[in-house]
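Labels for the chains are A, B, C and D, by order of writing; each one numbers its residues from 1.
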Amino acid sequence: MRTLVTGFEPFGGESTNPSFEAARRVGGVAVVELPCVFATSLQALREAIDEHDPELVLCVGQAGGRSGISVEKVAINLMEARIPDNAGARPMDAEVVRGGPAAYFTNLPVKAMVEAVRQAGVPASVSYSAGTFVCNQVAYGLAHLIATERPGLRGGFVHVPYSPGQVTTSSQPSMAVETVAHALRILVDTALTVEVDVPVVSGEIA
Amino acid sequence: MRTLVTGFEPFGGESTNPSFEAARRVGGVAVVELPCVFATSLQALREAIDEHDPELVLCVGQAGGRSGISVEKVAINLMEARIPDNAGARPMDAEVVRGGPAAYFTNLPVKAMVEAVRQAGVPASVSYSAGTFVCNQVAYGLAHLIATERPGLRGGFVHVPYSPGQVTTSSQPSMAVETVAHALRILVDTALTVEVDVPVVSGEIA
Amino acid sequence: MRTLVTGFEPFGGESTNPSFEAARRVGGVAVVELPCVFATSLQALREAIDEHDPELVLCVGQAGGRSGISVEKVAINLMEARIPDNAGARPMDAEVVRGGPAAYFTNLPVKAMVEAVRQAGVPASVSYSAGTFVCNQVAYGLAHLIATERPGLRGGFVHVPYSPGQVTTSSQPSMAVETVAHALRILVDTALTVEVDVPVVSGEIA
Amino acid sequence: MRTLVTGFEPFGGESTNPSFEAARRVGGVAVVELPCVFATSLQALREAIDEHDPELVLCVGQAGGRSGISVEKVAINLMEARIPDNAGARPMDAEVVRGGPAAYFTNLPVKAMVEAVRQAGVPASVSYSAGTFVCNQVAYGLAHLIATERPGLRGGFVHVPYSPGQVTTSSQPSMAVETVAHALRILVDTALTVEVDVPVVSGEIA
């Protein structure tokens, strides 16, 4: 296995998490489910990396309310939990890594990845905020691990929409798990093969 | 064939229309593509009904921006075209049927239909506005036909989201065509079998 | 007073209703607060009309989630309450007027009204659904009264956004009450003076 | 003057910018309009700071699409311009400060500032992304100046919604310029007086 894909366990009262459901369907990659728990998520990630020794790690999380695949460009050194994690913790104004840099940019070719997914007919964009919950913590922790211990490892974070079954009675956008899995497959292939990101403009005004 | 399902041709600069793509995948029903043209859509609908003599007609249209399946409760006697139809026409403050009633409610069990789709894990809701474009014209025209010529016919209109391929670069919600087709199958089955709508509350505040 | 403007009392757990707050600030019109109660709202409206004998009635209601002033084109003969009204009632699939037509179009020049408000720098649009709650009931009831008893009366319904104070912690759009009042003043003036609506295209796709 | 408030000139085809319109109405502060130009914005900011020698700098920008006041927690070392700036430049994957840290957190008490604005009845929240356009550049540049040259200076960035007049025909949220100015006044007062941020949880899931 050259690639490790992680998803999360359900959180926030949900009974499923599309990040793990889709990760399981990617095929040809090692798949690990991370706890949605600030206290243990990074240790679980480290153990998975130690066990599989991948050249690429793609961590995936649920971003309720987003309508497309979003590839995270940056993760910040901040934990601020609007809702409790699965262990009941609500860190506030806390650092992911004490004394770590304020943020890390991913070393993945995020624009090429987004373009490839769009070419396959799936909505996607680069995102400039992974939030401040466990997803961002894992994105930051992975980048910190790469920066401090595993310089050759490629790694990044991808947010995916709700699955349709999670929002049957709401007006939130969703994406079929099969579509998400298809996109993840493309993201992995692109991250493994593209050395230099494509020169297209992305960006957000605010 | 007991059921006729219609979809629309692409409009508004799109190269595909998820209503027809999904209708084709329903299976076990007659399927007809209607022109997105005020001048000919209702004649095409009438001919399809004459040809297939169904007991149920479900007309389906694309509602860009909506995130779930929406089953229309009402159609109004108004044509007001913010964009040109496929023949370049932009009717303004015009009646669908001259002297017709201001609106028709569908005779389909819309709440039971929505509940059945939700039970299958697909986002759905009752809608109280089909807009003022060709979709609403067809919804009104079908209801008028039933009211004036075919009292035994069941009929209604369903709006469906963009397909993912239509919104790869935007932040609009979408739904996989396979998911839409699955929902249409359930809507047809429910419309054919439920005689009395279920007593659940639906509604919109505004 | 040539004009009666009605607002609603707060509902849905709110402590204020911007429709009444704005109505009170219009000036030069009679202002009445209607109960947000299906059982009594139309009687209160009738009494206000009997008392003030206006030539124009503009009923105003809160449309949480909308970002601009919306002038309602149509009201439907349906009561369907997703939340209880202020008397705890939740009508379901009920008619506003037993045996009444499915809908009424307003006799106000909605496009001219919208254009005038926009000219004054305030976001506005024509709306084709007033929902299925007490607002729509009042809109329908007013139109029915005009159709059946007061053919010379002009009347219609306008939905307004939340006020800022109602959504301090949410991401819902809002509009300053002073801005809403300014828009209502313009709506009244336009409704009183424009005989033939302006030939601009409005409309919604779906 | 203890405080400098900056706004931006109009950009993106707009003829006004609510950030400057509101800044001008704050009162009791020095006000400077910054160019929406990557090549000159930071030099203009530096000159304004040199001229006024403030103890607090609050830079304000327009965030079209947001519905409330958003106080930025973080700025990133990235310029990526989806649209051209006012000089026609579209930097891509470029650093604000060559070799600078990936991000800076503001030294302002963002939670206390948000709470104070909400207490005054105005929608507000902490934001974890200032985008990748000139606003983020200025937010980052200000933080870098503080970190490297002016350790005693307090400084941060605030995004504000469109003004109503900018979105009269759209469905985008807006906020009256008077309301924005009122909020800015409160933000300044809070930033000047609160030494330790309040212990409330903020945060975003994703």
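Please note the rule applied: contacts are C-beta pairs under 8 Å (C-beta built on N, C-alpha and C of every residue); 3 or more make two chains touch, one makes a residue touch a chain.
Chains and their UniProt names: A, B, C, D = Pyrrolidone-carboxylate peptidase.
Computed from a predicted model, the values in this text were never measured in an experiment.
Taking each chain's centre as the average of its CA atoms, chain C and chain D sit 37 Å apart.
Each chain gets a centre from the mean of its Cα atoms; for chain A and chain C, those two points are 46 Å apart. Listed for chain A are residues 66, each touching two or more other chains. With chains as nodes and touching pairs as edges, the resulting graph is a single ring in which every chain has exactly two contacts.
Going by the touch rule set out above, the chain pairs that meet are A-B, A-D, B-C, C-D.
Taken together, the chain A residues at the contact with chain D in this complex read 12, 61-66, 73-74, 76, 78, 80-83, 90, 92-93, 101-105, 128-133, 135-136, 159, 197, 199-206. Every residue of chain C that touches chain D in the complex is listed here, in rising order: 66-68, 117-118, 121-125, 164-165, 167-176, 178-179.
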